[in-house]
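Heads up, the thing below is written out as structure tokens.
Naming follows writing order (A, B and C), and every chain is counted from residue 1.
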Amino acid sequence: MSLLSVRDIGIEFGGVTALSGVSLDVGPAEIFAIIGPNGAGKTTLFNIISGLYVPKKGRVELRGEDVTRYPVHRLSELGLSRTFQNLQIFFRMTAAENVMVGRHLHEKRGVLPHLFALPSTKKQNAETRAKAEELLAFVGLKGISEQTAGNLPYGALKRLEIARALASEPEVLLLDEPAAGCNAVETAEIDEIIQKIAARGVAVVLVEHDMRLVMKISHRIHVLESGRTLAEGSAQEVRRNPKVIAAYLGKHAGEEAAHA
Amino acid sequence: MAQFLQYAFSGLTVGAVYALVALGFTLIYNASGVINFAQGEFVMLGGMVTVFAAAAGVPLPLAALLAIAVAVLVGIALHLFAIEPAKGASAVTLIIITIGASILLRGLASIVFDKRFHALPAFIPGEAWRVGGASILPQSALVLGGAAAVVVLLWVFMSRTLVGKAMIATAANRMAARLVGINTVWIICASFAVSAAIGAIGGILVTPITLTNYDVGTLLALKGFSAAMLGGMGNPLGAIVGGLVVGLLEAFGAGYISSAYKDAIAFLVILLVLFVMPNGLFGRAGVERV
Amino acid sequence: MTMQALLRRHGVVLGLAVLVLVLPLVLPSNFYFRIATLTFIFALAVLGLNLVMGYAGQVSLGHGGFFGIGAYAVAVGPTHFGIPVWAALPLGALLAGLLAFLIGRPILKLKGHYLAVATLGMGILIAMVFTNEAQFTGGPDGMSVPRLVLFGWSARGPVTWYWISGVSLVGAAWLAMNLIDSPTGRAFRAIHDSEPASGVLGVNVARYKLIAFVLSAVFAAVAGAYLALYDGGVTPRTAEFLRSIEFVTMAVLGGLGSVIGSVVGAAFLTILPQVLTVFHDYEHVVLGLLIILFMMFLRDGIVPTLARLIFRRRP
């Protein structure tokens, strides 16, 4: 059974069609990449799946439940989380606090106990913090938990977003260009992190421009162009697909990829 | 019907002044992103300088010109000495700076002038005209006509002159404007100057009807800001319509419902409009980009 | 929790408590007690405003209205409805909270300047009711407020109110610090920095904005009640929109998102006008100038900017 399924999504902005007839299914422990040139609609698709935009057509299902018009925070309750291409960091909070916000749904949320710092709240705070430290270590950010996020370098923020998204213990995780702006070493680390996440049974949906990373770790790849689906299949299949080679990778890159 | 017309006339007269204040807000906001709460003080300066210059024997037209010049200088000074040095500060910090400037200007006005109310003689003396049973003072007509003239002049200035076009470009995208060689600091300064002039003209035109003192700016800034938001922040047409609507609401509210609650009615309508149209009457709903 | 965070939280409350305890030793006369009391009362309101503005990032230009509801509650309740003063105070706070809850739902959907104008309108509407419903409120002249009497003991005079407002402020700061370091406070701060990310992580953005708004209204109402009880009277000026602007100015001057900043901001705008009376007619000129200069050079507010300078100097 697929955890996430997207059915015939269409959306337009100011009369311009941004997405049309896009469908996809992602299952547990799967790494599913969405690729396509700039402006193909990848991030728009992410924004629809995560409930930030409401599509004009089609629907999004999480474990078979139609969630298309659910408010954003409800999707998190149903096991969806994501990172953002243009970082959406809580830059005035510390790194640890950023991740702690990700634990929100796992915490007791009565305001009165919070106001009076009842022992239960203190204990919960300690637990949340411990969990946050653990996740920071998992993404390779040990020792920076008390630093204000706004002061951290770009590469660290990318990973901070992943740790924060993981804190909600999602079943479906959308990663929007996790390796953008990262050097080769950092990219290799992110590659490893993504594979570990998927190995835990999480469905990982990935938008990424680093083709080497995509080809290496993705189980399936969905190619978008100008808001429409061009192809879908394994790395091998996509690489050989003449439409993909012509339209997206370009002839030269296509040959290179086929030889790789 | 006569009563309706009477309320409409008085509403449009006040509304025209609100529209000018709102227009001033819009100009500065578009150029610099600053909400200038000292906008009402330009209106006060327009009225007060004219009154005192006229009392000192300066012919009225010259006194009015002098008032506009003073307001423009104050506007430029506000930009040069308070806004420009704080460049890059958060929006709310800049707003507090303009509030400080408004306190400062009111304080100065109370010293340079005084704390009493002052009137000007009507620019067009004479009997009220009868229109459909309602009477309209020539001065009210002058306020409306003057405001309309300001709007037309501003439109010509914006669409026909290089400075105006540069102001539009700066409003649309400050970074891009800078890249094509527009001196945006100068343009923002110009927007403060134009905005001050517009406010002062409003103050001069309306003083024969409503009186003026050192303190009138506060309430006008409040109404002008509300009008600009009702129209949709950053939209000049919205500012004009917003100003007229607020003026009309006050007049009709005072006439038909309760004069004590006339401001309440205006704000109630603003609230209701914003609930339905969260970006004002003419504001565009932007797609949040993430 | 780390040592540093522990210190930061308890340090603020402790420091404030010490201040309230020690200040009477150096205050030479009732006049100074009055200034200190007013500072504490306004700080209480600004602290509340800081929750919604500094932490949750939602502007309010209408908190003078909530302040007024608290003030009029202790005036109208006992006078017209026979409610004892000690009960009218929490009732007023409850009423302000309820109103904030009802108005906050639609209003908090607005963003930025639109939210500012909507809250401004709300504050003005509330103030208008006080001015115009003269049969209850005494109209523009206002009305007198009976003394707060607890167990036969009557609270009056600057020294008594110094202690009431001082202890309340320390308590409020404790509550605020607790909240800030809890899931609720983290949700506030998250919303301030990124609404989309907050939502994606399961934070019900609308709900937490509303919580911050309601809490801040309650803080403001309690402060308003204190002022009315201390002054023994209330007029519509208590709730006018200039009051709201004054609160915002205090919050921003002291530092948004800083509990100590709320106190410093309130002190700034309460003490300064008293000091500036030596300038006679030039009082407002100097006040305006100082506001401009402070904001120009301490852009993030007095407390956060100075704190940063001090911490940077340390190795």
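Heads up, the rule we're going with is that a contact is a pair of C-beta atoms (placed from the backbone, for glycine too) under 8 Å apart; a residue touches a chain by one contact, two chains touch by 3 or more.
Everything numeric in this text was worked out from a predicted model, so none of it was measured.
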Note to self: Taking the mean of each chain's Cα atoms, which chain ends up nearest the overall Cα mean?
What the structure shows: C
Next item on the list: Would you mind checking which chain's C-alpha centre is most distant from the centre of chain C?
Entry: A
Checklist line | Distance from chain B to chain A - Cα centre to Cα centre, in angstrom | finding: 48
Margin query: Using Cα averages as centroids, what's the distance between chain A and chain C in whole Å?
Written below: 41
Check: Counting in whole Å, what is the centre-to-centre distance of chain B and chain C, each centre being its mean C-alpha position?
Finding: 31
Margin query: Quick check on chain B: which residues sit in contact with 2+ other chains?
Written below: 288, 290
Checklist line | Multi-partner residues of chain A (at least 2 other chains) | finding: 52, 84, 88
Item checked: Interface hub residues of chain C, defined as touching at least two other chains -> 196
Next item on the list: Could you please specify the touching residues of chain A with respect to chain C in the complex?
Entry: 50-52, 71-73, 75-77, 80-82, 84, 88-93, 97, 100-105, 107-109, 111, 114-117, 121, 124-126, 128-129, 146, 164-165, 167-168
Next item on the list: Within their complex, state which residues of chain C touch chain B.
Entry: 59, 106-107, 109-114, 116-118, 120-122, 124-125, 128, 131-132, 196, 241-242, 245, 248-249, 252-253, 256, 281-292, 295-296, 299-300
Notebook entry, point to check: For chain B, which residues count as touching chain C in their complex?
Noted result: 35, 82, 85-86, 89-93, 95-97, 99-108, 110-111, 218, 222, 225-226, 229-230, 233, 258, 260-261, 263-264, 267-268, 270-271, 274-275, 278-280, 288, 290
Notebook entry, point to check: Where on chain C is chain A touching in the complex?
Noted result: 1-2, 4-5, 175, 178-179, 181-187, 189-190, 192-194, 196-205, 211, 215, 257
